[in-house]
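In the two assemblies presented below, chain A is common to both, partnered first by chain B and then by chain C.
Let's turn to the complex of A and B:
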């Protein structure tokens, strides 16, 4: 494999007794779209700021093309960032905002700078706004100016800190498409921070799930979705039902867990007597009218509510111990069941999709 | 207009009359032909303005006040900006103490400040010079400049400076190209206000100016001699200068609006 463009080697950031980033090892490849995702306070933004040089790690090393850059000040890093607040210069017009970085770098005449700025504004579809003040722009337009300002430097790495979080849902989807397009057209490395799963999964080549200053899992969106590496990731992704229990049997790559909802089987291996959690993806669960006996890959419960969002329906089913399972189905798949609140249903799933989560 | 609105307008008008009546009286009588400020008015005259125009002590006082006001405005605003920026950009031990200290001079009674200035200036052989008045006024005025610029900086998105660094601007360049332009209205406003305060200030100037009288000190000297309508004329001029500076400051503050955060 080729040399990574950016390497984080046991990077740590502490503020006194508080740990923002506990220890991060990460290698980012050229042209990769990498997304750091996690709940607020997980250290994702701190990690991004460490890359930008705005925070100095208290331990570990950051390398760019193998060269340590811990001591390189932010203004020499050439890794422009798109800010959550956009951080545009309010006293400069749109074009001068975009020219700011080029002006700092020097070596370009005013005419060349202007031309370059207009090129990028054009590319982002806002060239006609070059003379506007920042306060005259909408959120989406500001976002484009912020992107143009960063990209005008034609960097190898672009950093993005929750760039879409201030936009409304509709605009967010559009900008998501735009970012995806820019990434594939420009062939530069995007390091993107977000707490929104939909953004991460839609955009990323690889997602880094973080929690409490640590990396929980790194992988392609599909991998993370299908095989969460820990109970935290499974809960955070929220695509699976997670049930905790104790292993009572183990043989040939399957285990049986004693759980509050009954004895359940799972693929994987874990010593007898150990605690374990089992994850069942919500879209692999079949719903039938109750009746048939339950077994290691089925449970019975009562329908509590259904959540209808267009084509996909989420059913919430309460089990006998009071806990809930959720099931995601296409609308047409459950129509024939004519479910009502309170209906007793049987939930079952293929054994190979019930996996025991790594500890 | 509701009844409440009417009461409020009358109340507001009463306050303005109360505040402005003495000043209006002063201006009106500065144009009175009679030498005694009594009604009825005995006719319009520029006599007293002509009198001060030919009075060399008033010329000198006016010139001194102008020099002191301009120097004070520039120095106080630079100091005020530095203090405000320090507060905005840095976190350090004892910051609260630093800010309290920086904001303290106007809270000290001016008589005390005047005496303290005199004692100190005498020690360093500056007593009786214009430089001493400038120094004394700077001590008094810098906190006003700091306060105005701090208010402006509070509107500067904390990400803006890091964004400039991130785009290749060093710390110094960022202050020059980002922070100063952003603060420009507050800086103008601070210069105008500090100039106005200095131009008006009597107590510190009285203690430390010695023979280099500023205009307010000159006015008191004139008052102690004899009550002359010339004082009305000088007073009107001082008022004109001050109110102009205050209006400039207001106009600058008004221009803040356009670039406020999240607008």
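Let's turn to the complex of A and C:
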């Protein structure tokens, strides 16, 4: 593997007794689209600000192409950021905002700067607004100006701090597509912070899931979705049913857990007597009318509610101990079952998809 | 235009708020002002004011060389003060807005208001002691074999007086202006390659332009009409417009001529205020 463009080596940030980032180890490759995701207060934004030089880590080292940059001030880093609040200069018009970084760097005539700014504005589809004031723009237009302002510097690394969270849902999807296109066209590294899973999974080459100042899991979206590395990740992603229990049997790659909903089997290994949690992806669960006996890969319960989100239906099933399972199905798969609220159903799943979560 | 209005309904709610200040302004500002203008057309007969309508006072004052000298002198001193006070106040306001903690900032605001509790006249007298021929500064200079430098009864002393009058207020107004600056813009500038000192000129001052111009305008307005500093520190050499007013009244009870000078001053102040306001709110020209 080639040398990473950015490395975070045991980076830590404390404010007195408060820990914002406890310890982050991360290597980011050139051209990678990496997304830092986690609940608020998990340290994702602090990590991004450390990369930009706006925060100084209290321990650890940040390296750019292997060279430590802890002591390089933000104004010398050339890692432009796209801000959640856009942070455009209201006293400059659109074009001058885009030219701002170029002018500061120097070495370009006014004509060249103007040409370059217009190129970027054109690329983002807002060249005709070059003379507008910032207050005359909509949120989506501001976001484009902010992108143009950062990209005009033609940086190696672009930092994005929740860039889409202030936009409405429709616009967010469009900008998501635009960001994806820009990333593949420009071939630069994107480091992107968000709390929105849909954004992270749609955009990222790799997702870094953070919680309480630590990295919980790093991996491709599919990997994280299919194999959450911890109970936290499984809960945070919310794509799987997680059941806690105690290991009562272990034999060649399979364990049996005693759980409140019955004895369940899972792939993985864990010592007998240890506590463990089992994860079952919601879309791998089959729904049938109750009747057949349950075994280590099936449970029985009563349908409580269902949720429609377009073509996907989420069924909530209450088990005998009062806990709930949720199942995600395409609508046409559900229709033929003609389920009613209160119907008893049997839920089953292939053994290989029921995995024991690492503790 | 009254016709073509879509609705006749009148909301009395805003009026209830606007009325009291309107009444106040009408009775204590507009009325005296009208009276002042009116009086500038009166006459003085045997040291007694007489109602009349003559333009002689205006002709007399506007044909007098001393009036133009005083006008230029007053305008220059007030302009110099506005510029100097703005420059002197800025670092303090900047420090309080961006570097100081909330405790220090609150304390500083208290200290900036405190001078207004003490009489301006008393402060000017104390400045006389400091600036005088045998005052504190010259005594200190004498110890190292320098001086004495004549400071009292110069325009320098007048501006020092103006500064003690206007500096606290200008710092406060600048501080308010700088507090409104979006700190995220400063971070954005830093992120785009601007070192902190340059950011003052590229982000802070453009962002706070309106407040900073208004602060400087206060520096001008307050010193333009001041009487105390030019008299006790400047030694009325040469006289300012406010001293001219006092002289007209004292020598010969000439209220009408004093009114001419006063009306000229009011018009000047309003003109400066309008000019500075339009400058402050000027939008970037769209070509």
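In the analysis below, the second predicted complex is superposed on the first by the 359 of 359 C-alpha atoms of A that agree within 3 Å, B and C clash if a C-alpha of one lies under 4 Å from a C-alpha of the other, contacts with A are read in each partner's own complex, and residues count from 1 in each chain.
In the analysis below, a contact is a pair of C-beta atoms (placed from the backbone, for glycine too) under 8 Å apart; a residue touches a chain by one contact, two chains touch by 3 or more.
As the structure is a computational prediction, the values presented were derived from the model and not from experiment.
Trainee: Quick check on the chain A-based superposition: chain B and chain C, clash or fit?
Mentor: On the shared chain A, the partners clash.
Trainee: Pick one for A:174: touches chain B only (first), chain C only (second), both, or neither.
Mentor: The answer is neither, since A:174 touches no partner chain.
Trainee: Regarding the shared-chain residue A:115, is it in contact with chain B (first), chain C (second), both, or neither?
Mentor: neither
Trainee: Could you look at A:131 and tell me whether it touches chain B, chain C, both or neither (first, second, both, neither)?
Mentor: second
Trainee: Considering only touches as defined above, state whether A:93 meets chain B (first), chain C (second), both or neither.
Mentor: Only chain C; A:93 stays clear of chain B.
Trainee: Which partner does A:52 contact after superposing on A: first (chain B), second (chain C), both, neither?
Mentor: In the superposition, A:52 touches chain B and chain C alike.
Trainee: Thinking of the overlay built on chain A, is A:320 touched by chain B (first), by chain C (second), by both, or by neither?
Mentor: neither
Trainee: Which chain A residues contact chain B in one complex and chain C in the other?
Mentor: 52, 54, 73-81, 83, 85, 87-91, 100-101, 104-105, 133, 149, 153
Trainee: How about chain A: which of its residues touch chain B in the complex?
Mentor: Result: residues 52-54, 73-81, 83-85, 87-91, 100-101, 104-105, 133, 135, 149-150, 153 of chain A touch chain B.
Trainee: Spell out the part of chain B that touches chain A in their complex, as residue ranges.
Mentor: 157, 159-160, 162-170, 173, 177-178, 181-182, 184, 258-259, 261, 263
Trainee: Inside the complex, what are the residues of chain C that reach chain A?
Mentor: Listed in rising order, the residues are 182, 184-185, 187-196, 202-203, 206-207, 209, 283-284, 286-287.
Trainee: Show me the residue ranges of chain A that touch chain C in the complex, using the header's touch definition.
Mentor: 52, 54, 73-81, 83, 85, 87-93, 100-101, 104-105, 131, 133, 149, 153
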